């Protein structure tokens, strides 16, 4: 029996926890996370408010749960969006080669040259800050990353003899890309996606922290942190909880990505 | 003694006559620069570069007598030529004075001799002497005016020493000032710390002596409990309002506006957003003002009634935007107001927007339903008389006429009566949701004495401040 | 001087080397042949103390009488290069691409023999001359990629000679080279072994190269040494069925074998394929593919017997 | 080599032109009005008009773009709208701060990452490897802004060992270094975690190559093989990441400078965007792009220095 | 009539520029090569590494176009054909590759991989797949397995099955047995000979190992640095090589015999 790497197991458990909580928050949270009760602010943990209440008397655990959903959604949409565009571009560049490849890769370089945070700030300045813009900004920074990964792996696959064989069989590049290239770069892309997912969670937190992400009343770990940072002296747990949530989620996806990489590493596969 | 003061807003220029940034006035006006008059902590106008003045019978001609003991920091003399220069510059066609409006009533400025300046007005202006004490009407010298933005030269009790942009600005005592004897501080350093958490840390780590405009009301109790510090709760001229776009449905309907006023709960807002550290207002006038009327009871909070009123007006369940500028008082209030409106059946979409965006979309284009903003200028009830082009979208001949009589009424008691009438009228019309007066929250090391506790104007003179 | 006795290398998936015994004396030239996965490299690794950590070792190895079975990595570091040296199959990847070849060859001399830079350099030039690298002084400053495959392999040989070892193990030294270059390298190794009285273990699955290079031969299959003897004798007259099959399967370039009707003749083959390590038969590893297989073959391990020490039940019975 | 340089230089310029167009276009569709931002909400219309004329905001877009590019080519970056001083002066004031921070961050990152990465690689599959990789993953997961707050709370407020923020320049080196410690740690932690992972995996990659086996067969010690043979060969991917990280460090200072109220470029750009200070934002974004592209350029040159095989190809 | 006819084939590669101005250096990988392949016969190509063997194969497969010369398949110039015509012609000439570990898509069941050329023609014919499996000595039940479940020799059989599934007239084998062990190599060579006899295939067989080529080919082409050193019936060349290079190849291969 293959033994799964420890980082994969820990990562999977943490991810399952975070995703599970996020999913649960869709149907149930202990309280409405947006319910204010200003008179009951800074409430201690009780059987009603398990982690106590925040500076506006909202239930903290409900907010953390709702924020998990927010975080997961942003990361998922951003990585899917940026990932699919990036992968499509990378595959295109790899399949066509020549000047198309050059242009796509130069564009990717340009994407790297433009500081991501600045892009988010400007996007927010033009269209006003919103979760959508945060998603777009994070998706945007993902495009060149995935384009590079996809192109590099696809270029490798294109040199494999089975691809040559498919060409010898008379398959066109589109079909080859679908039948051979995509499945064979999938592992690399999925590993990258897991890692970018972790990065996206961090990015969403940072943008919300700067006020460029989730808008009230939507709950967000980053925003909770920014609202709580001056409360560090008063109610440190308000800053500790969302911070720990971010760490847990990012760590989970990071370890999962690590684990997946270990599992899909061809050298290790062959050894097993 | 040396003093280190924390400032949240970083200035971009040091010339108050060409830039409206409040921190420029905060540091420079009446410290480095001086004006003809000066406004005291309780809002009264007193002599400054002008030691005395005469007002003609008709209230249109002001004759100022200038001090002969003042000189600019670069050594050049101060006389009526400098006053003429400063006024002509502010009033010129290509003037970029941020409060050019306060010079509008002026017909002419003349200098009969080196120690006398005569100003003729086109019409009576009740706030003229008050305005002459602002940073916008600081007296500058022709020799140094072009470099004032980076190396300010004035006549004040403090001289500019150095400025590391983004970090600190240092002033030193001007030993040649006519009143140098009453200046206790030798050196004043302003440190620019915009992040509230960083401000707190800097204060706690005793990097700073004072943070007069402390950005985190939630921590005041903490500082109060700390024997090292003293907390000051003062007031500013800033009325915080929930502005509604009166030009656009549904807020062109007075019943909807009244419903909003009924839906909001000021105590909750002040408690939640300002940690109880603010005074509620029921209209557009500061509670510390002489003419203040308490109208906070005009629309007692009644969610059920508000709901009915919204239903009656046919807007219940509708969605509108609440576009909020990036100031903590605004973003925090927005969250609570949003919840209160939601209870009353209105779905307010909060959008925290950037300041540039706010200026463009809300202020210039009036593209908004609701917003939250503090009006920090003194004597600014005139905003309601600025017509439909102003972002309120409020156009009411009755209010325009009322303001006209207020601003030309020379008699203080009569003016106060009119101001009370104005407050009443605005409350009755429920033009906006009137929330609270923006407090001036300061944290000081115990040994700091003499700092203004309230700010009727944008500046706080350091002349009377001492340490230890 | 190098004596390996009943060495077994066991991985989780099976035994990569089984009860291998080998004696190597000064000046010996021993060829190891066998198909891929037959344990040739593992045998070499045992001699160098470079068996993967995941393997479990049993048996013994002595060098000049001192027991190396449980020697530490540090002890091995004193053996390598000075007593036993090794060259590998891929001359390109076996050289550090970022280092000048002169520095690479000088490094063990400086580390082990404490030579100065100039001394080491002079030695490298000598070595380069010895292994037939033209214009050695200029070559010192070159990078591996600037040399041809044959030259790189010569550099590796020079490197292995740096500390004057008593034993040189060449693991498939010519597989990556063109036929006539391979020929020259093989001859060079033979020449070096003779002039320096250095033992040579020459590993290859190319029978022609082994025949040219060695005096003795060991044939491996599935981790076993199945037969050994004088190279000429084994190749002329193999006794183990596997050796016989292997030799027969080798095409002969000098005549295209055709039947009378002009039909090309098929090559003799060994049926089936080498089973993967976990599926190896318990007894004779060749069981299942063998033409002379008996009932006990699959389960009982044949002991080496006869003059060739062949591990075959059939041979065992046939030779008195 | 010269052909390589020329190609890279053309690519470099093309990137800069593209960035300049993007920035200029974005800044011009940004809602907001520099004049109104400067003069405030009480400003009269004629004062605003006068200021706009003053700032050159009334010229056509193309004129402004070419005036800006033309100026930039001769080293004139224009006058800041809000500060009314030459932008180059503003940048010159702030650059030492940001560069000090970025360089300090880079050094700390390199020291931590290389030792941890090589350690993990040499203990591949063992507990030490596993633990360092877990910790590095944890390091990546900690948001920098959160870490900063915690650091300040502990070291500046509670223990009073270090200042909570600010930077007064290098005239007092001891004070300067003390003020840089916390921000550097906050900045470098994540980056060193990232780089340690890259170092480990590329070192592992190299350790699988044949020449390390040659080294072992030559009786070289593990240490020597790791530092003399493996590390240099692992440098190509490491250098790639370092190049990207340097850029990330420079832009990463935006958040850090805010928390530690440091007078650097990050805060300047934040402020300039808020103030719609067009010339400053443009110059700064260009500067960031130049730093990023230059870092990549230097990385490419380093490749050639590191790997003699590339010399033939360039 | 010849199945495949090459005339004056030349292929040059531009190498990366080394100087800023001036033409980039050119490498002539294949230099004026002509040959014929007859149905049912094998042309063997030998030569050292880099002598242009693979380049020749790629041109014969129309993966790359020659810079000069022609290559005619049944009289049609394959490089003059349009993409569609070429694709229709593809089932008639197929290829097997050197590396049995990379010539099959690791993520596809081998049955799927074998059927690929049929799919390219728009045909689904499970019985043809089964037949191809039998032809190369495997069981049709193996179709549901993945490549990693097979040994190198078996994979090469699968690759051959894929190549013959369209019943091609020409088979191009570039180093098809070089990666295999001697005993497996013999099996594959035998298989190719069997298939040739039953299907009447023409084979272009490329290897650097003269012994291997000699065992299967009828005609021999010896290449060195892109040029043809010898071309003619294999027996003639092997018996009386006219070049020292050919002689050295024969010596190198012949020691065990």
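Before moving on, here are some points about what is shown:
To keep things simple, chains are lettered A, B, C, D and E as they appear, and every chain counts its residues starting from 1.
One rule holds in what follows: a contact is a pair of C-beta atoms (placed from the backbone, for glycine too) under 8 Å apart; a residue touches a chain by one contact, two chains touch by 3 or more.
Since this is a predicted model, take the numbers as computed values, not measurements.
Using the average of C-alpha coordinates as each chain's centre, C ends up farthest from chain A.
Of all chains, B has its CA centroid at the greatest distance from the CA centroid of chain E.
Interface comparison, A-E versus B-D: the higher number of contacting C-beta pairs is recorded for B-D. Chain A and chain D, compared by their mean Cα positions, are separated by 23 Å. Mean C-alpha positions place chain A and chain C at a centre distance of 51 Å.
The mean-CA centres of chain C and chain E are about 32 angstrom from one another, to the nearest whole unit.
The multi-chain contact residues of chain B, meaning those touching 2 or more other chains, are 197, 204, 354, 356-357, 361. Across the interface of their complex, chain C is touched by residues 209-211, 213-222, 224, 229, 232-233, 306-309, 312 of chain D. By the touch rule above, chain A contacts chain D in their complex via residues 6-7, 10, 106, 109-110, 112-118, 121-122, 125-126, 198, 202, 205-206, 209-210, 222, 225, 229, 232, 239, 243, 246-251, 254-255, 258, 267. Those residues of chain A whose C-beta lies close enough to touch chain E in the complex are 160-162, 164-172, 175, 179-180, 183-184.
Within the complex, the chain B residues that touch chain D are 10, 12-13, 18-21, 93-101, 104, 149-150, 164-168, 191-195, 197-198, 201-202, 204-205, 207, 354-357, 359-361, 363-364, 377.
Interface residues of chain E, counted against chain C in their complex, comprise 48-49, 151-154, 181-187, 189-190, 193-194, 197, 208-212, 214-217, 234-235, 238-239, 245, 248-257.
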